[in-house]
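In what follows, a structure is listed as structure tokens, so that the remarks can point back to it.
Order as written gives the chain letters A, B, C and D; numbering starts at 1 within each chain.
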Amino acid sequence: MDFSLNEEQRGWQMEARKFAEEEIRPLSLARDQIADPKATFDWKIIKRGSELGFRTLAVPKEWGGHEADFVTQALVMAELARGDSSVSKTFSQCWKWSHLIAASCTKDQKERFLKPFMADHGFVLGKGGTEANAGSDNRMPPENDPKAGWRLRAERDGDHWVLNGSKMFIANGSVAKLFFVDARTNPDANIREGSTMFMIPRDTPGFRIGKVFNKRGWRFYQNGELIFENARVPHANVVGEVNGGVKARATDKSEFGDIELAANALGICDDAVGMAMHFARNHKRAGKLLIDHQLVQLKLNEMYMLTESLRSFVLRTAWERDRKLPDYGNNVLVMNYSQEVVQRVTRANMDIHGPEGAMMHARVDKLVRDAMIWTHLAGDTVQRVKIVKRLPLTLPT
Amino acid sequence: MDFSLNEEQRGWQMEARKFAEEEIRPLSLARDQIADPKATFDWKIIKRGSELGFRTLAVPKEWGGHEADFVTQALVMAELARGDSSVSKTFSQCWKWSHLIAASCTKDQKERFLKPFMADHGFVLGKGGTEANAGSDNRMPPENDPKAGWRLRAERDGDHWVLNGSKMFIANGSVAKLFFVDARTNPDANIREGSTMFMIPRDTPGFRIGKVFNKRGWRFYQNGELIFENARVPHANVVGEVNGGVKARATDKSEFGDIELAANALGICDDAVGMAMHFARNHKRAGKLLIDHQLVQLKLNEMYMLTESLRSFVLRTAWERDRKLPDYGNNVLVMNYSQEVVQRVTRANMDIHGPEGAMMHARVDKLVRDAMIWTHLAGDTVQRVKIVKRLPLTLPT
Amino acid sequence: MHDFRLTAEQLEFRDAIRDFVEREVKPAAIDPKRLEPFEKPLMTGFLDQLSQMGLRGLALPEDAGGAGADLLTRCVLLEEIAAGDVDLAMVLGETALLASAAHGAMTEAQRARWVPKFEAEDRFHLALLARDGTAGRAWSYHQAVPEDAETIGEPEVVATRDGKGWTINGLAPFVSNAPVAGLFIVQAKIDGEPGTVTVLLGRDARGLEVDEALPSFGDGGERARWHHGAVASVVLNDCKVGADDVIAADAAHRMFSGMAAQRMLQTAAVNVGVARAAYEAAVDYAKMRWQGGRHIIEHQSIGMKLADVAIQLEAARALTLKAAWITDHPDAVGERHVSDLPWHVVARSFTAQALHRATLESAECFGAMGVMRDMPLQKYVHDTLVLQHSVDCDLAAPLAVAEAVAGYSR
Amino acid sequence: MHDFRLTAEQLEFRDAIRDFVEREVKPAAIDPKRLEPFEKPLMTGFLDQLSQMGLRGLALPEDAGGAGADLLTRCVLLEEIAAGDVDLAMVLGETALLASAAHGAMTEAQRARWVPKFEAEDRFHLALLARDGTAGRAWSYHQAVPEDAETIGEPEVVATRDGKGWTINGLAPFVSNAPVAGLFIVQAKIDGEPGTVTVLLGRDARGLEVDEALPSFGDGGERARWHHGAVASVVLNDCKVGADDVIAADAAHRMFSGMAAQRMLQTAAVNVGVARAAYEAAVDYAKMRWQGGRHIIEHQSIGMKLADVAIQLEAARALTLKAAWITDHPDAVGERHVSDLPWHVVARSFTAQALHRATLESAECFGAMGVMRDMPLQKYVHDTLVLQHSVDCDLAAPLAVAEAVAGYSR
């Protein structure tokens, strides 16, 4: 057993910490406070981070990327999130789909999409599954209702597919240059057997971005509406096989998406812990430093305790995924756990700061708002229910 | 980063798992249900475990022990606790003080006490600090009251010390052959500067065991009253220096006691998780297996999630202590965390089982009762308050 | 017009019981000699004294010799008894509930036969053998309850026609009050026909056997007793019942409807009483115990625990009494004075959860003393845990609220 | 005699407001165009309409043109308004509270001068500038409060003798209702002497300046607005007050005593209203939204959340109304109808915690829709969070209960 980081891991961690502290954090509050959801994004910070390697961290070396392992990815996400959770997510959203390209795409597709992705600091990736009437139905399609799940329709027309319909809440919606989109190619089968995943470049004819969603937290991060009106996509953009969209994604065994959320939450917690300790050591209530009050001591204990337990769990799980050990569900459990921890820690931070007259520390407020995003991320409750099938009868060590 | 176990660790773990399953677990409920607290103990299981090496696991090889590292100790405690938490604690209580002997005792003392301890399968160790009016005062003596803390008085008489007073709730009280006892040697100084730790063999003249405490949980584990009426102890039994009792213990930097409780709690959780999963897969409510109800799925998710987070934290902390890394308090945080987890997991197990008419599954009930012991173990709240001084300004990784 | 006062009679009755409990019951109940052993025989002396104070007949109409107390009054008084001993409160609550319900359902002739017996003997309690129609239902939130629902511990009692009367056979493994019951109200399935018949069986009925009160452990140690009050199994072996001891079908239906809700609220009140005892013990201890250079109640960590306990306790009491009052005054729902909810579930679920937490926090104020069996705190914790995991209140219980809100019918 | 009915007048008033809120206020309040922007200007049109319905003068005696409503009635009505819009409820609650308190403290001459002005103008509200004597106190649980206690945002107002009257100077950074106040009640420290003086200052008093309402972010983005109702800073620059606008010292003392408790309970009721709005939205959505082959309310995970919300909501309401009634009837404590506790703290602390949790659970039923700014759920969550972390309710607030129980005096 060895919990120490190797040089490469430590190197990326330090680089990310420096970038987060010196460049992300200073713009974090200002971006959060822009009222127009379309205007919160900042290309400069993304391009700058890309220059440092954070956009392409997960791409295999063969294609010019850094091929960082999951432990490194988790460390970097947490560090970036300490600067701003939604900026971190914008980067890691790119890793998520570069995992998929590496695992599931043809060489031709890699040439056409992975190369430009590597070459362009402003090339970010998105993915569209959710629709207005298909949220948890996509994740856990009901057995008695084959029509449940996404309805975006794709019909073959020679060498092309014609897509009609729309997607909602799509990650990097208004900024991505390439989207991975699930569509129904057999309307009579359920989504496991009747849908296909397409790569949709932003300039696809008949495809456009609609609304950009205005959220309580993660305001920098863009969630958009994708609208398809007879959008024409070449057959060559099908990921995996026709009617094999769900399987295509399953070829990527990393379950990166769950670790991603847990590692990001860890960064928020680290930030909250630092803020609370700093505040408690520098502010008095009733003539004593806050840190000298038992109530505050107990809250600080709780914050550190939860954060360190989350860190232990995140890093262990990332290591397990690097090792490709049998998957007993820790990747989902750690995500579920991060939801509980990030709520408690950000709220404890608010408890310690307290209101100041009719004002609240804006970053304390921001962290609570960002944390609320976790209540539904990745369909938290659905994942909790689904994971039961993968849980072992007794726990392994 | 590497979370895998080496061969020795895995070997001890498997040995402990087998012993727990085949020998401890079958007697666990019967011992729990003996009404007389003096009669719950079973020497046979202790001697049998000692033959397998579990009593002397932590003793340095130099003295004939196994010198197992903390990771191994944590693994073994968890496995034994899966069979019965209080039997596990009876063994690990011996490790705790063999750490101290190794770290703080003179060669002469080791000859006189460590050798017989190694030679006798029925030689177990105890420690006495708590008194009727000195509980948290021992752990966090108030600055404005130098008289606070234990009052057991020791006065020098030539080559001997004469002890008067009593101790309460003392671990292994009625069964240990040797106790480490804190006494006041300078009644005018506070306990940090005015007390001394003595080794008290069971047959010390003037020393006897009083009451054995009757507890809601951990019924196998013996907590006793130690009574000193002009008990004469040779000066050669002083651990460390006179008036240096608190320092003597501080020479042992392992902070084993905190990891011990967390690892033991982990074993209870493993047991509860296994029981709940087994029950949910084999019992129906309203025509469906329990495991097919969302409510139960969510509870199972919670149980696994908390248990795996605790396992991650325990093993990481044990590794940190093996490495003797700078101690930022994880050993205390993980103990505090185990208190929260063991309560929630054992209660969730009860939620899943539910009552059966006017009866409850006896082991489900036992686990909840054992878990209640954690609410005060090692002065949980005091530790939470104290640890704040050791917490870093920002969190390291 | 809102009012939270008790009537003069309620106050007087409450204070009389509180005084008796404080002076007599509590000291005996928390005597280490009683606390330490697993077996805690029912304190029948106090049971009889409380019966003499009118608790058994609490809800009987005044013309039947009772106090005519409504559910709210019963809740107020049961809290007082439970603050002394949970088992006494459960036994008396059950008898009071059944006496009132049965009295309403009896014919004049039945009353003439049974009421004098009830009144003549202090230790004449009532017990019910009936299958709980809702057992196991809460689990089937979105589908009809199939026949194979597991209903652990439910009685299986069958009635066969026998002239104008019935012959009853069956076994009920867990019957509350059976060890002290003088009269059993027995609901039996009719053999070979749909439906049930409800009959009255005296303790001395031929063929009726009451087992010993349930021991602490059963099934070779695999099961632990998990029940308050007095409970035993009852065997019915060819018990003959004449037509004159049959409760009319419509009267029986009325009797059973609403009985479960009332019992749940009585139990919630008992729960409040147990938690109050824990709270009061913790406050006393925290004001006396000196550590860290001051009384421990002056440490924020302890002060916060006790504040939380006090708050949870008042919330539970407020909700329980409100729910009881609404059950006494169902028109208040239709007249939109209060929400339209299954109030007994609301109060019982909230109370069970909040008060186990509160009681555990009270025990935590005692440090290691909290888990010692010669101290009452561990018992209070156990008692609230039993109340939280019981037939009428388990993991799935609150779903009944969602169902009512959704207008969804199982 | 317990009673949970409302009077016919209370019911009628409640339903009139509920109807108005459902029909008018709520649709406007949760219009995406209002929800999305950070700034949410006070809906002054509705404020005036609610004033016309009698809300401003709610607690004034009938002979002063008010409705003479007790605290319980105010709580019932404020819940209704808050279910539509929290800011309207806070503004009206503050005016109603201050109007009644000030009216009681005024001389006949003062009443004659101010009451007609109050009545003449719908948008004549009241505001208070006073240092909260208890600010920061809860933290010092076991030692006296030193002078250097940090009291963020407290007004610093000083009165200098000026003939028979006073000259007032000072700054109050956060004054509730200041943007809509016609009359300010100002408590000032007397310059160079111990003690305070309380005076009345009209909006048009020379030297009194009300700043713009507090913006969403301040201090260069380092601070976020964290307040309900309408709030602004007030500067007093050599304001002259004649002897006829001074509140007599004993009358001022009476006016201030109990005011904080009443305000806390009004706030608790507002909290109930906000959470109720979230709950009702969640129930509607869960009955309509179809996923997993059924309406989501029929999934146990959602059903359980909504059941928990309903239960917490009823517990909070029961406790708030009970505490309000007790505040209206303080003798009930001495007569031992209810416990002797600081009920306003009990209800406010419980309500704040339970209802933030309940509101977040309601939002969770909406999935991703719960965090969208064009949907009301995220606002309800935010509103309850503000209520939980505010000057009268913070991490340390419940310690006041422990203090009362311990008989410990700071």
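The rule we apply is simple: a residue touches a chain if its C-beta (ideal position, glycine included) is under 8 Å from a C-beta of that chain, and two chains touch if they have at least 3 such contacts.
Since we're looking at a predicted model, the values are computed, not measured.
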item: Chain pair with the higher count of C-beta pairs in contact (B-D, A-D); value: A-D
item: Chain at maximum distance from subunit B, centres defined as averaged CA atoms; value: D
item: Distance from the mean Cα position of subunit B to that of subunit A, given in whole angstrom; value: 41
item: Distance between chain centroids, defined by C-alpha means - subunit B, subunit D (Å); value: 51
item: Touching two or more other chains - residues of subunit D; value: 141, 294, 299-301, 304, 396, 399
item: Sequence positions of subunit A contacting 2 or more other chains; value: 293-295, 298, 381, 385
item: Of subunit C, residues touching subunit B in the complex; value: 36-38, 136-137, 139-141, 143, 145-146, 148-150, 152-154, 173-174, 214, 216-219, 221-227, 231, 290-294, 301, 360, 363-364, 367-368, 370-374, 378, 381-382, 385-386, 389-391, 394-396, 399
item: Footprint of subunit D on subunit A - complex, ascending; value: 29-30, 33, 35, 37, 130, 133-137, 140, 142-145, 148, 169, 213-217, 283-288, 290, 293, 295-296, 299, 350-352, 354-363, 365, 368-369, 372-373, 375-376, 379, 381, 385
item: Residue ranges of subunit A touching subunit C (in the complex, touch as defined); value: 293-295, 298
item: Residue numbers on subunit B that touch subunit A, as the complex places them; value: 1-6, 9, 13, 71, 75, 270, 273-274, 277-278, 281, 291, 294, 297-298, 300-301, 304-313, 315-317, 319-320, 323, 329-330, 333-334, 336-337, 381, 384-385, 387-388, 391, 393-395, 397
item: Footprint of subunit D on subunit C - complex, ascending; value: 1-7, 11, 15, 72, 141-142, 283, 286-287, 294-295, 297-300, 302-304, 306-308, 310-312, 314-316, 318-319, 321-322, 325-326, 329, 332, 335-339, 341, 346, 349-350, 354, 396, 398-403, 405-408
